[in-house]
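The data blocks that follow each hold one structure.
Shared between the two complexes below is subunit A, which has subunit B as its partner in the first and subunit C in the second.
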Partner chain A sequence: MATVRDPVVVPGDVPSLELVTRYVLSVVDGLLTPPAVYRMRLAADEVATNIVTHGYAENDRTGVLEVDGGADGDRVWIRFRDSAPPFDPRDRCHAPDLAVPLARRPVGGLGLHLVFTMLDDFEYEREGDRNRNTLIMRRDPAR
Partner chain B sequence: MSFDATLDMAGRTATIRLAGSLDTATAPMFREVIEQASTGPLELLVLNMENLSYMSSAGLRCLLFARQKMGEDTRVMVLGANPEVSRTIRLTGFDQSITMSRHVAD
Partner chain C sequence: MEVKKRTVGEVTVVSVLGDLDGRSAPAAQDRLLGLIPSGGRVLIDMTGVPYMSSAGLRTMLLVYRRAQAVNGAIALAGVSPELRSVMSATGFLEFFTISDTVRRGIEELRA
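Let's turn to the complex of A and B:
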């Protein structure tokens, strides 16, 4: 049976990230195992942080972040919509070069690397003038 | 989400105890404490994560900052990180430059 939680809309800024985390936890707590809850929280935090710091702030834009979530069969999902310039995180994800010593490591790209490592599935779509990112975890007790 | 970082200096060892959630909003506080710790010559910087429940990439960037801020002669050790935090650190290969220790006695 599908369940969908009412969306929340928050300002696209750093102080709102805590509200996003609270919402995400309220959706996935009880639907996923505690380690999977942690992974979804982390991936959602990284995606939301990316939208507010890169999508909005670095482009001198302001806007809102709309979040909803739910479960559908074995899929537990969290979805973000924002009106920042088009950005498909799948184009920017590259694994960090583990051979480079930490002292010489560039700081970019870590968050998105975590997103794709944590999640079972990720979907991006440009929806009119908005970005839509969907984060998916599978309900599989074996994991 | 609360966060706290406290610094203890003993000789050439600095210990920073972290508690709560380390994320984009709280990372600047941790960076400030790393700055304080780096004022004198250190042999060892211990990051005690026993009470840290959550760490995002903002926290990883702090570890990178700590590693780059301390000279090559300073060992940086992460102590008592929970399995999820530990996994995040290892996934990015940070454990190659930072010693990971599960228990205080290790």
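Let's turn to the complex of A and C:
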């Protein structure tokens, strides 16, 4: 059966990230195994961090971050909506070159790589003037 | 987030307590970078870190570089399976010496 949790809307800034994490955990705890909870928490943290630091702050924008989540069949999902400039994380994800020694690796760019490594599925859509990122983990339907 | 330092023989043991995420990593970074002695041996105890995001990885990267720059030796202990998977996905695992326990880590750094 499908369940959808009420969305939360928070200011699109760094201090809100803790609230986002708390909301994400409240949605997925009990729906996913502990390792999958960790993966969803990490992916959501990276996506939300990216939106508030790059989408809003670096573009001199302010805005809100709307988060909802739920489960539908074997899909457990978390969805972010923001009004920052159009940004499809799939276009900006570069796997780190594992052959390059750590001493010479670029310092940034790991977050989005982690998002796609951790998640089972990811969807992006531009929805009017908003970005919509949907993070998906699959669960054992018997659970 | 808290960073505690103690010395065991010639090894500096630095314990990190709390999540290493976008909010806490910058402060952790300042603390950790200040605790790496020139040419010294440092064991970072991660037992008290339940969660680490890319911001924490960035901190680890800078700590690693600082240790290299001052000819120091750095090792980790108490890295949870979750943290290991994050380090593995980003190619960090192979660059760090990781010991299961703090005691073992100290022994290995002293060897």
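The definition used in the following text is that the second predicted complex is superposed on the first by the 140 of 143 C-alpha atoms of A that agree within 3 Å, B and C clash if a C-alpha of one lies under 4 Å from a C-alpha of the other, contacts with A are read in each partner's own complex, and residues count from 1 in each chain.
FYI, a contact is a pair of C-beta atoms (placed from the backbone, for glycine too) under 8 Å apart; a residue touches a chain by one contact, two chains touch by 3 or more.
Since the structure is predicted, the reported quantities are computational estimates derived from the model, not experimental observations.
Partners subunit B and subunit C clash in the overlay (superposition on subunit A).
Shared-chain residue A:Gly111: touches subunit B and subunit C both.
Contacts of subunit A with subunit B, set against its contacts with subunit C after fitting on chain A, overlap at residues 14-15, 17-18, 35, 38, 41-42, 45-46, 49, 53, 96, 98, 101-103, 105, 107, 110-111, 113-114, 117.
On the subunit A side of its complex with subunit B, the touching residues are 14-15, 17-18, 21, 35, 38-39, 41-42, 45-46, 49, 53, 96, 98, 101-103, 105, 107, 110-111, 113-114, 117. Note for the complex: subunit A touches subunit C at residues 14-15, 17-18, 35, 38, 41-42, 45-46, 49, 53, 96, 98, 101-103, 105, 107-108, 110-111, 113-114, 117-118. Looking at the complex, you find that subunit C touches subunit A at residues 21-23, 51, 53-55, 57-58, 61-62, 64-65, 68, 81-82, 85-86, 89-92, 95.
The residues of subunit B lying in touch with subunit A in their complex are 1, 23-25, 54, 56-58, 60-61, 63-64, 67-68, 72, 83-84, 88, 91-94, 96-98.
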